[in-house]
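We call the chains A, B and C, going by the order they appear; numbering starts again at 1 in every chain.
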Amino acid sequence: MKAAVLKACPRAQLIDIDHSVPAFDVSLASFLLWAGTRDFAPGTVHLAVVDPRVGGERRPIAVEAGGCFYVGPDNGLLTTVVGHRRDLAAVSLARPKAASPTFEGRDVFAPAAGALAAGALLADLGKPVTDLVVLPDLGPSVVWVDGFGNLVTNLEPPIARIRVNGVEVRLGVRTFAEASAGKPFWYVGSLGLVEIGVREDRADRVLGAKRGMPVSAR
Amino acid sequence: MKAAVLKACPRAQLIDIDHSVPAFDVSLASFLLWAGTRDFAPGTVHLAVVDPRVGGERRPIAVEAGGCFYVGPDNGLLTTVVGHRRDLAAVSLARPKAASPTFEGRDVFAPAAGALAAGALLADLGKPVTDLVVLPDLGPSVVWVDGFGNLVTNLEPPIARIRVNGVEVRLGVRTFAEASAGKPFWYVGSLGLVEIGVREDRADRVLGAKRGMPVSAR
Amino acid sequence: MKAAVLKACPRAQLIDIDHSVPAFDVSLASFLLWAGTRDFAPGTVHLAVVDPRVGGERRPIAVEAGGCFYVGPDNGLLTTVVGHRRDLAAVSLARPKAASPTFEGRDVFAPAAGALAAGALLADLGKPVTDLVVLPDLGPSVVWVDGFGNLVTNLEPPIARIRVNGVEVRLGVRTFAEASAGKPFWYVGSLGLVEIGVREDRADRVLGAKRGMPVSAR
């Protein structure tokens, strides 16, 4: 895929963001795609692929949102990005005749991403579409357990307290240093979302919590 | 190694391809080196190192093939690249006096790769050689189990059916969507080679198959 | 963090060195930061973050040493770099008002690294400091077990023999090829430090040795 991007845009600067999303986890990929790309400058092209497990052809798409481009399968991967942005345009990518039927990353997505990086207009790449696939909204929940075991929710502050897996977390702090070891607390993380942590321990383990679990806050 | 490449060619664009090959697995590395570099533009320099486990000094080499360059140890790592290309030139790299005797990656391979990226001619880097080490040809076999458990073979189409680990796979499909869940099938993968997959499952698990297993096809 | 670096220096060339240091292991990170950055050209900016587990605010710092820059938390992460270099200047980084209190990597370190890459002077980034946090010197010990199980010590040659975990290693070799399989030996590794290896096996397993174990040499 990197070779195919460079073929279309030899001066492209390739930046690896994340290769750790488990296969088939479109929901997590959607969140991390938003989280990992939100700070890049206008004009940046984001290329993401995650297999939705069940075969079936997914429409390849390119989206322009907030001045940046996203290229990938129309399988819900762009749900979080689309949900956070209003100024949206999307096209269905033309599939080259010689494209591999089993791996569109190299033959469809990467050439499109390269073309956009080289200055192509979104409209040059395919026909406009508006009916993007969007994952079902699961409501307030744990959307990511980060590498330290912190529970990242999709709730924005202000809140007073938050409940997860039957435990009510009342203590809210600004930094981990304000908490005492072993006691769960909530805080506003670097994404601007409410997170739950435990100092010197993993919140997921302490609270028996997993990604996808509902949360409720007041 | 990256620092050493940049020392020789400050404007080099460094691209990570793969850091997942298990130590000592020269055979797998040889296949993935071919698979991961075949789409890069002429002039690209590919730097690869894999330790062959058994000590012993390996001749450091640089090869020009198909307009691209390959730099690494002459331990069979270039077998698949060499086997797929005819227009080949190779040199034995001079070993700088101060080079570390235990890690040639930094002191021999990376400077040579950087020099080539900066425009040096292959002939500038050492004496021509023709007797490259080539791994034994194991015949038709599973050469890679990809991250999804698909069995990638070294067979090219057309075939009618393929047998692996005592199971004959008769169903051939164009895309995973054409198959029904749980039933093995063969298809032509993105490398142009015959692969065996199982929809919504791992073919390696379903078929009890591993890399290196022989296959036979009709 | 990569986005924040590019925001401050759009032409920066981003190079990933290592994402494998376990969370909280400042001591290992300090060694690998030195080992992984020592060969880069003057002017290179090195950005490193590792969480020291215990909360508490760490002073964000930038250091100029040997013509290169290091940006990160003042939690001991720079111990090995500082210990190997004399020509040192350091500043305490100003913390932007809008910075996330829980993740300084994106809002403090990365912008500072980008600014330095774009040509800012160290003195532009904050007030000079001289009392950098330094990890306690553990004396001669195993400072890293590399991916092959070799024991990298902080001892420089010459030595005649070395003892670790109750075993005296007398055999010294120049390359692995000189040793016989299964028998521990010492050698001078690519970092210029004494290492202990076992041909065709892992020295850590053969010797029951771990990182942090003391060694003694004669």
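The rule is simple: contacts are C-beta pairs under 8 Å (C-beta built on N, C-alpha and C of every residue); 3 or more make two chains touch, one makes a residue touch a chain.
Treat the numbers as computed from the prediction; the structure is a model and nothing was measured.
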Chain B onto chain C, rotation angle from CA fit, given as a multiple of 5 degrees: 120
Chain copies touching (chain A, chain B) - same or different residues, decided at half shared: different
Centroid spacing, where centroids are CA-atom means, of chain A and chain B in whole angstrom: 31
For chain B, residues that touch 2 or more chains besides their own: 13, 16
Contact footprint of chain B on chain C as seen in their complex: 13, 15-17, 37-41, 147-148, 174-179, 187-190, 195, 199-200
Chain A residues touching chain B - in the complex, by the definition given at the top: 2-4, 6-7, 10, 13-14, 16, 23, 51, 53-57, 100-103, 106-107
